Amino acid sequence: MATLGLIEYADASPEVRAIYDDIMATRKTDWINNFWKALANDPTTLRRTWESIKQIMGPGAIDPLTKEMLYIAVSVTNQCPYCIASHTAAARKKGMTDAMFHELMAVVGMANETNRLVSGYQVEIDEQFKTR
Amino acid sequence: MATLGLIEYADASPEVRAIYDDIMATRKTDWINNFWKALANDPTTLRRTWESIKQIMGPGAIDPLTKEMLYIAVSVTNQCPYCIASHTAAARKKGMTDAMFHELMAVVGMANETNRLVSGYQVEIDEQFKTR
Amino acid sequence: MATLGLIEYADASPEVRAIYDDIMATRKTDWINNFWKALANDPTTLRRTWESIKQIMGPGAIDPLTKEMLYIAVSVTNQCPYCIASHTAAARKKGMTDAMFHELMAVVGMANETNRLVSGYQVEIDEQFKTR
Amino acid sequence: MATLGLIEYADASPEVRAIYDDIMATRKTDWINNFWKALANDPTTLRRTWESIKQIMGPGAIDPLTKEMLYIAVSVTNQCPYCIASHTAAARKKGMTDAMFHELMAVVGMANETNRLVSGYQVEIDEQFKTR
Amino acid sequence: MATLGLIEYADASPEVRAIYDDIMATRKTDWINNFWKALANDPTTLRRTWESIKQIMGPGAIDPLTKEMLYIAVSVTNQCPYCIASHTAAARKKGMTDAMFHELMAVVGMANETNRLVSGYQVEIDEQFKTR
Amino acid sequence: MATLGLIEYADASPEVRAIYDDIMATRKTDWINNFWKALANDPTTLRRTWESIKQIMGPGAIDPLTKEMLYIAVSVTNQCPYCIASHTAAARKKGMTDAMFHELMAVVGMANETNRLVSGYQVEIDEQFKTR
């Protein structure tokens, strides 16, 4: 049975190394986390995912810290332990304080609760909300 | 078979009316959306939910607009049409621009994608991320 | 492009009719709901699903009404509108009162909230809970 | 990077200790599980969550054991390991037998299956079910 | 309040039109479905999403029809009505027969059931499965 | 508090042993994985689940390897670590290559992403897709 390991920098192809270098430079860090080392088994997906993440998570109309908190909100809702750990660390690094983390958790918890109250009570969309 | 309707202001008990009044005053609006009218069938849950929402969604370490975007991130992940419509409207009212909405969607979509790449590749948590 | 319609009793094969008859007799009703009419396009799945449902949802160590409420809890969590509507109707028929429905919704909402607080705070399982 | 630990009773503020005392008194137990020790980093959420849980999970139109089983149904559907472990232990303590646990699992499994058959076959809601 | 409409070909910018043209040419069809018309409000996401979909869903180690069925499996699990409808139509066009659809639904339903039996029974991973 | 262990072959009842024997014969293997050993605490669910799995996962209009990949797609979407590990091993055994695994992951990731773009943009179903 085949097994996919984590691709370390020393063992990586030049193509993968170039992506690792860009990840470290963009994030101003000197190490690569396991997610990328696992994806590196498939350089096509590694490249596509990194290019997308780089484009999406950078500064824009929404600041990078808020984007990390949005990432946490999704990861917590989906119950993905790795994603929660890695993006919480990333948000901390970008300035998320304890107070912000606590409010983030409160919003995410409440949203998951009211999402179910809405569907359980079979609430229909108000005319006033029929827009995007 | 019993049927739960939407409780209109005119038909509401004084207890429910007081909550409706507080919702409208807090939100500076003159109408009540269906979610609350449905919950009003159970004044205990109506009161608890409104008190929690009011406490959580107000200003704090995270601003109200960002909280609405976090709410949307959860609701989109859970695929709750009512919640998406109502909180998108609320975020618009609080200043979410088209550009912000587009970036919000991009982050939520990407987080949902990488959450699955992480679990599918069975990625283990890096030692560096083992914190909260 | 092929299209799968709903298989009405009058158009059903003897095999499907026999299952429809058993559904109506077991449920003491004179009509078949759309779920079964859709599944009837695949008699194998229709039979397997009905036999399983019949075995699982009947009286046992847990009473049928509680089982319907468990079904609603799952369906609300998964945001399945059809399942919520059909099992709420079934629970009503088996005696679920408004008060029970309200408490059911409160539990389901709260469980969905605390499930996320647990994962967001990355809470580890207490030794005392390591059992089944 | 900030790290949130578990707040032990000995290290807790008077406000948090009072909540811990109420949890232990209400549950007739002499220890606090990790969920509350983690939430104690944010006394506001600790208080709100405990007050809600205490109100919701107590006796009412639905008995406390059934409420624990509903909690398990949600937690299993959401795949939350901590929640499954803690609420299974709680349900055991309140009298859930092996036979009840087995039926609970059977219902939860089946509901998750038919939820998907319904959406995959794109089944529309019967007129008879259009109520709450 | 801002509202995002569907961007029709006639109203699209040259950049968006070029993507629409590529979608229609790649799919050998003469119309654009609503998903792309909605994304066109954000040409950056439209381009990124289309480029990714085009790369991923084409022929490779897995054939295009199987990929459509995988897409359906995910969409049914997530309860996304639009995605189920559009990818079922796409799979039909690529050759999915009624028999294949029925088996697909059976597998998806069963997987959703056993996923929950596994978590509810708190099953630990066998040593033999600890590989990728 | 009761605890459910794993039922080993040596400790199993004749009824459970017969099912274990059928599992091993059908799968051409000489061991039983933990999922079945856990379910064996409830012979009724063990039998029903095995009979269903055996019927569904065998050859038919869709080949067994594709069925395993569909199972992985669901399990990854639901974030079920045991299910991902066991069905990835099963798919490997049936011939899933690294290239196939990589494409499978890419499709599952992308589907989870676009499922959310669809719901976030509140895309309505095209008339052309209103079929099954």
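Each chain carries a letter (A, B, C, D, E and F) given by its place in the written order, and its residues are counted from 1.
One rule holds for everything that comes next: a contact is a pair of C-beta atoms (placed from the backbone, for glycine too) under 8 Å apart; a residue touches a chain by one contact, two chains touch by 3 or more.
Please read all numbers here as calculations on a predicted model, not as lab measurements.
The pair from B-D, D-F or A-B that reproduces the interface of A-E, where over half of the contact pairs by residue number are the same, turns out to be B-D. A centroid comparison over C-alpha atoms places E as the chain most distant from chain D. As a whole-number value, the distance joining the C-alpha centres of chain C and chain F reads 21 Å.
Per-chain Cα centroids separate chain B from chain E by 27 Å.
Taking each chain's centre as the average of its CA atoms, chain A and chain C sit 34 Å apart.
Annotation for chain A: residues touching 2 or more other chains are 1, 4, 41, 44-45, 48-49, 52, 77-81, 85, 88-89, 92, 97, 101-102, 104-106, 108-110, 112-115, 117, 119, 121-122, 131-132.
Against chain B, in their complex, chain F makes its touches with residues 72, 76-77, 79, 81, 84-85, 88, 104-105, 108-110, 112-117, 119-122. Residues of chain F that touch chain D in their complex: 1-2, 4, 41-42, 44-45, 48-49, 78-80, 132. Contact residues of chain E toward chain C in the complex are 79, 89, 92-93, 97-98, 101-102, 105-106, 109, 121-122.
Touching chain A in their complex are the following residues of chain E: 1, 3-4, 44, 48, 52, 55, 131-132. By the touch criterion given at the top, residues 4, 31, 33-35, 38-39, 41, 45, 49, 52-53, 56-57, 60-62, 66-67, 69-71, 73-75, 77-78, 80-83, 85-86, 88-89, 92, 97, 99-104, 106-108, 110-115, 117-119, 121-126, 128-132 of chain A touch chain B in their complex.
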